[in-house]
Amino acid sequence: MNFAFDENQQLLRESTRRFLADRQPLSAVRARLESASTFDRAVWEEGAALGWTAMLVPTEYDGGSVTHQPLVDAVAIAEELGRVLYPGPFLPTNVVADAIAREGTDEQRKRFLAPIARGETVAAWCLTADGTPDLDAVAVTASGAPGGGLTLDGVARFVHDAHVADLLLVAGRTGASVVQVLVPADHAGVETRVLGGIDLTRRLCEVRFAGVTVDPEAVVGDGARTPDAIARSLRVATVLQAAEAVGAADELFARTVEYAKERVQFGRAIGSFQAIKHKLANLLVELEAARAATHDAALALADGADDAEEAVAVAGSYVRDACAHLSGEALQTHGGIGFTWEHDVHLYVRRARSEQLLYGDPAWHRERLCTLVEARVPDGAAGAGAV
Amino acid sequence: MDVTVPPIPPAYDGYRERVRAFVAEHRPDLGWTPRAGMRVPDDEADVEKLRAWVRALYDAGFAVDPPDGRGDEFESRILREELGRAGVPYVLGNPLVAGALRLFGTDEQRRTYLPPIARGDHIWTQLFSEPDAGSDLASLTTRADRDGDHFAVNGQKVWSTWAQFADFGYLLARTEPVAGPAGITAFILDMRTPGVTTRPLREMTGTSDFNEVFLDDVRIPAGNVIGEPGQGWRVATASLATERGGVGLGGTADAVAALVGMARRYRRGGAPAIEDSAVRQDIARFAARSRIQRALGYRVATKAAAGTVDAWDAPLTKIWYSELNLELCEYAMALQGPVGALVEGEPLAHDSGRWQDAFLYARAYTIAGGSNEIMRNLIAERGLGLPREARGS
Amino acid sequence: MNFAFDENQQLLRESTRRFLADRQPLSAVRARLESASTFDRAVWEEGAALGWTAMLVPTEYDGGSVTHQPLVDAVAIAEELGRVLYPGPFLPTNVVADAIAREGTDEQRKRFLAPIARGETVAAWCLTADGTPDLDAVAVTASGAPGGGLTLDGVARFVHDAHVADLLLVAGRTGASVVQVLVPADHAGVETRVLGGIDLTRRLCEVRFAGVTVDPEAVVGDGARTPDAIARSLRVATVLQAAEAVGAADELFARTVEYAKERVQFGRAIGSFQAIKHKLANLLVELEAARAATHDAALALADGADDAEEAVAVAGSYVRDACAHLSGEALQTHGGIGFTWEHDVHLYVRRARSEQLLYGDPAWHRERLCTLVEARVPDGAAGAGAV
Amino acid sequence: MDVTVPPIPPAYDGYRERVRAFVAEHRPDLGWTPRAGMRVPDDEADVEKLRAWVRALYDAGFAVDPPDGRGDEFESRILREELGRAGVPYVLGNPLVAGALRLFGTDEQRRTYLPPIARGDHIWTQLFSEPDAGSDLASLTTRADRDGDHFAVNGQKVWSTWAQFADFGYLLARTEPVAGPAGITAFILDMRTPGVTTRPLREMTGTSDFNEVFLDDVRIPAGNVIGEPGQGWRVATASLATERGGVGLGGTADAVAALVGMARRYRRGGAPAIEDSAVRQDIARFAARSRIQRALGYRVATKAAAGTVDAWDAPLTKIWYSELNLELCEYAMALQGPVGALVEGEPLAHDSGRWQDAFLYARAYTIAGGSNEIMRNLIAERGLGLPREARGS
């Protein structure tokens, strides 16, 4: 048994951490908070050289992971990105890379995967109009176009990082079913608007499609498999998002413990007050539980375990609630200073609250989890009772 | 037992009409959007409009809290209802000092300062917290040294509400070189006195509702002491307790109603969220806490009238309101689903992002005016008589 | 405004407290814990002389309250009874008295109310087979008997104190509707069994009816009004139960604070540890909130306020959850000594957990509360939003 | 990363059959119903049957934890599964001392005491807590005074598991007249030594799973010290940490499955509770916590193997399990509705009242072996390096 990052993953994590401390500390993101974009493309390309977008791409397309569990490798990176509230499109680009690698035609894999792995192509995923994972909320229609292509019309919202994307994976409705197509972000008729969000370090977008006609070759995968492919992408997104959340929570918690040791009130470090000690102890319990849940889900998904969906639903519900709660308690522990714009704690609070609601909110994941647990329990498991 | 609120007699319909007409005519057109909490306009122009509005109300006899203490109960209720509906502040600055002056001020101080507060002529700020004296307010180090018939004040204050537009400050400073509460004195400070420098703080909300205030050899006449020198801790404690009790008076019934509305609009599991049993249970929990907040308010008012207030009442009320308010905001955002991540300025935000702003501001209630951790100490130590926490050395 | 017991209610409360301390301290109940019944009929009759069963009975039938709000008077008594975990039938007897006073014929009022008020008749209320307030669960059939009477067959369970009752108010099903009838507890065909319950100080019973034929005069009230009458009885029961719960919680809390002041560990009273201080502060918040909710509900119901049902639903959900939680935390604060049979704390824990589930569990009251709140909110109250 | 549990090879089917046959033949027929937790039979006759059962298992080669430390991984798993299904204890007494002997005992002590524990020949109890030394175990006052080649022990112990039937006690007593951990020594005590009086305690469960033990001039040979004199605190801390880690190993997946079953049987809002969204959300919360418990177990096992255990690991695991267990019991009772108020012995009780018993017993986990408040101190002080709590004088 080894329920911890192995040596190569630890090296990956440490190199990512050093790189980010050098090239993308939170202070650098802060300087761009009120700009249209917080994204630094140069940093992204250097990150790609460190493997950020290669893990889920097969080696023949310039990809490659450090272990036989690429998703666990990606989690090791995502935790570090979360730690500095990294503003770039790590999550959506990897989700799209995974979708193309698993579902794409050879031609699509050849054309898109290598540029993604090399950091040249940034990808985003346009799923629904209301940001929920419910396929009924897919609001882009994909109607047949002359020559066998498809014409997209409609809108997708709450799309991570679409404003800096080169390539869009777009879910579209054709009659009763759903297809996914690849569309260049600069295609005529595609219009992207950054949404005004509570998260200041990362952007969510609205993407509108007006008469966007694509070739039949733009369709990803077999129509009948698309709902499963989307479900897979949601699982990957949920795990990477959980890993970012755990990384952010870990950093914020460490800073809060340090603050509690330094801040003196009533002639004592506030960390010597038992109410603060027990608050921090409770937060550590939440943090370690969130980390364990995230690694459990990553491992199950990476190994294709039978109960992977269950593990992901645990991460998708527990981790984000715990990290959002932790961020609020960290703020409370900081007191007035934490309430200021200049202090970083609110950036963590904002990130945690924003992410909590995407890729299925916690209630959505819990409903799914209950269904999965139910399926495992045979009738009559309650024990005897007579009333 | 009786908490009956008597219905307003029909004879008051004319009064209500007059208030409505007055509001329609004088309601200021601000560049700034009023938000939840004790919030401050962005610029002087809006402040001047608000001053004119409060002055006009006062001069027309529409003072919510008349300085002579008289006033008709039904008129006062109508006035609060109609001004609440107007959605524009009608109290400017931090009125904390009014309680201090009523309890500890000289007759002259009361005559001089209370009417201009009610008329909007004077805006006040409080100069209490310091960078190293937050929860531990009694460790404040701003000094006020006696110099003939004046005091010379040096130090730095923070978390001063409305200070950027304030005419006067309610200041706590140390007049005796001893540690703790004993050497503290409360002052009236004219904010235009040389040596007073105000710097707005920007808070996590993105707005500037608090300030840092630097005091550099500021001279205050000895007559501006509130109460006696050295009595400042008592003065401040009495007025803060009033403020804490006041925190609980903001109703949350409207917020609960808004949750119902959101649950009708947003969906869960393919149907309106209001049909989801989990959402219904949650809304009921909030409805219960909201109604209990009102009942706790009745209780405290009854005890106040009977002079039987317990040491735990004000901190208990503050904890109840501030945690309910925070969780209401969090839940409202969760009910909105992904829309919950959108803020003011974004056209798709729910209700102009008021819940998101209220969420970010909510920590002002759980931290300021004594954090909830300090409130729990007060309940345990003063309310239940458990041993005091030891000070460090 | 006066949101507190008035002078007469305070006198009533104090006399009740003194009487109980003298005649029915918890130690006296303890001595009977493992007997078939914990009830002491002599104490009950003396309590009746103090007005325990008179409050909801009109003066012409030997009843009478100390104020114009009889239910608030009864709450003042119930809090004191809860404090000592009083084992007698205060709650069901008052519920039945209220039902007869409001719904009974003149003949029924004459015959039953005075003996109830004087403490001679103990009453119990047989509603459903599963202890829920759901009328679908009424499992006694009331079929027409020769001479216009009714014959009862079936079972009611979770009936408070039926084993010591003289008179039963029984809900029975006639076709699609429900009637209530008064049956002497010693009537042939009535069989009462004490249920083995977690609450050791008060008994719940199963009551079986086999061919129990009663006169038409035994029917209480007009058939069409019966569901409303039952709903009223549930509200009265909920308020009295909440008052008992608050009284018990108040006593347990006071004992816990005393213990925290006395128990020394690490050379200090454990009440000097901030974790214990904050735990007790939190419990006081819950206790005061529970008390406020109970008085709010009692007042609203006593005054016939429009929103009385809402106030009762608040009490029925918040109060019992809070008091059950408080009992567990009180136990935790007591540590090992609280885990022993000899210490009283478990008796409070057991009572709180048992009562939590009766007369509609907290989830039932919350569902009702949500429905009532919804009815008050006009459409469009959510504020503007565009997605 | 890897937590794969390899499937048991078909070649082991024969072993499983042999175990099953053995259990069918030797499973004792007890007068007493085994319950959740470390519970003790009501009378000596059942204890003797259990001793015979454990001995028969051992002699047949079916020892779960063979004293020689060898054993086949798959056989061990099969054995635990089948013995778990048998529903009868196969570990008697409190095995805490085994860890202490392995870490600190002499070779002779290990040879003398470990095999009889495994064979059920020796039942052990722990003699740690005292009436005035609960959370503050290091303040224990039971004295062990050196007298030639013996120690004379005087004092009172409490919360001793299985002591009424124990052959040996794992005793902590003070050999030096200093306060705190320094003067404490760990001993092996033969419970049949004159001066040892055991009195079963009755707990809130109504059962007697713990005891008071009175020690009156009890003579213990000096050779029965575990480790060195004065080293007892280290010995005890090491073995308690093992126990705390162990608390987390009880799985809760079966309990979550039982909740699903109950939600199918009991009703809410006129339909099976499993169709109620609020119940589904609650069940999912428990399922998540249960699965996380397992993952935390993997983490701790990984760290233990790598020698990188943190000071917070054992207390964190104990908090997680003990609170989850308590809340599972509370929720199970709530799901049952009024039936939740019925207990063992009542025919209408759900599943013979096991949830009600488990609820009442659940505080043994949140209080005993170091209360959860003490666990939070350990996390904060030893895990996070926050300042230690001051002792009183």
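By written order: A, B, C and D. Residues from 1 in each chain.
Just so it is clear, contacts are C-beta pairs under 8 Å (C-beta built on N, C-alpha and C of every residue); 3 or more make two chains touch, one makes a residue touch a chain.
Just so it is clear, the structure is predicted and the values come from calculations on it, not from any experiment.
Two chain pairs, A-B and B-C, are compared here, and B-C has more C-beta pairs in contact (counted per touch definition above).
Chain geometry summary: the mean Cα position of chain B and that of chain D are 53 Å apart.
With centres taken as mean Cα positions, chain D sits 39 Å from chain C. Counting partner chains per residue, chain C has residues 130, 157, 268-269, 272-278, 363, 367, 387 touching two or more of them. With touch defined as above, residues shared between interfaces to two or more other chains in chain D number as follows: 268-269, 277-278, 280-281, 336, 338-339, 348-349, 373, 376-377, 389.
Taken chain by chain, the contacts link every pair, so each chain touches all the others. Chain D makes touch with chain C in their complex at residues 129, 132, 134-136, 139, 158-159, 201-204, 206, 267-270, 278, 326, 330, 333-334, 336-346, 348-349, 353, 356, 359-360, 363-364, 366-368, 371-373, 376-377, 389, 391-393. Interface residues of chain B facing chain D in the complex, by the touch rule stated above, are 268-269, 276-281, 390.
Across the complex, chain A meets chain D through its residues 1-6, 9, 69, 72, 257, 260-261, 268-269, 271-272, 274, 276-278, 280-282, 284-285, 288-289, 292-293, 295-296, 298-299, 302-303, 310-311, 313-314, 317-318, 363, 365-367, 369-370, 373-374, 376-377, 379-387.
Chain C meets chain A in the complex at residues 129-130, 157, 273-275, 277-278, 387. Those residues of chain C that touch chain D in the shared complex are 130-132, 134, 136, 157-158, 195-199, 204, 206, 264-270, 272-273, 275-276, 328, 331-332, 335-336, 338-343, 345-346, 349-350, 353-354, 356-358, 361-364, 367.
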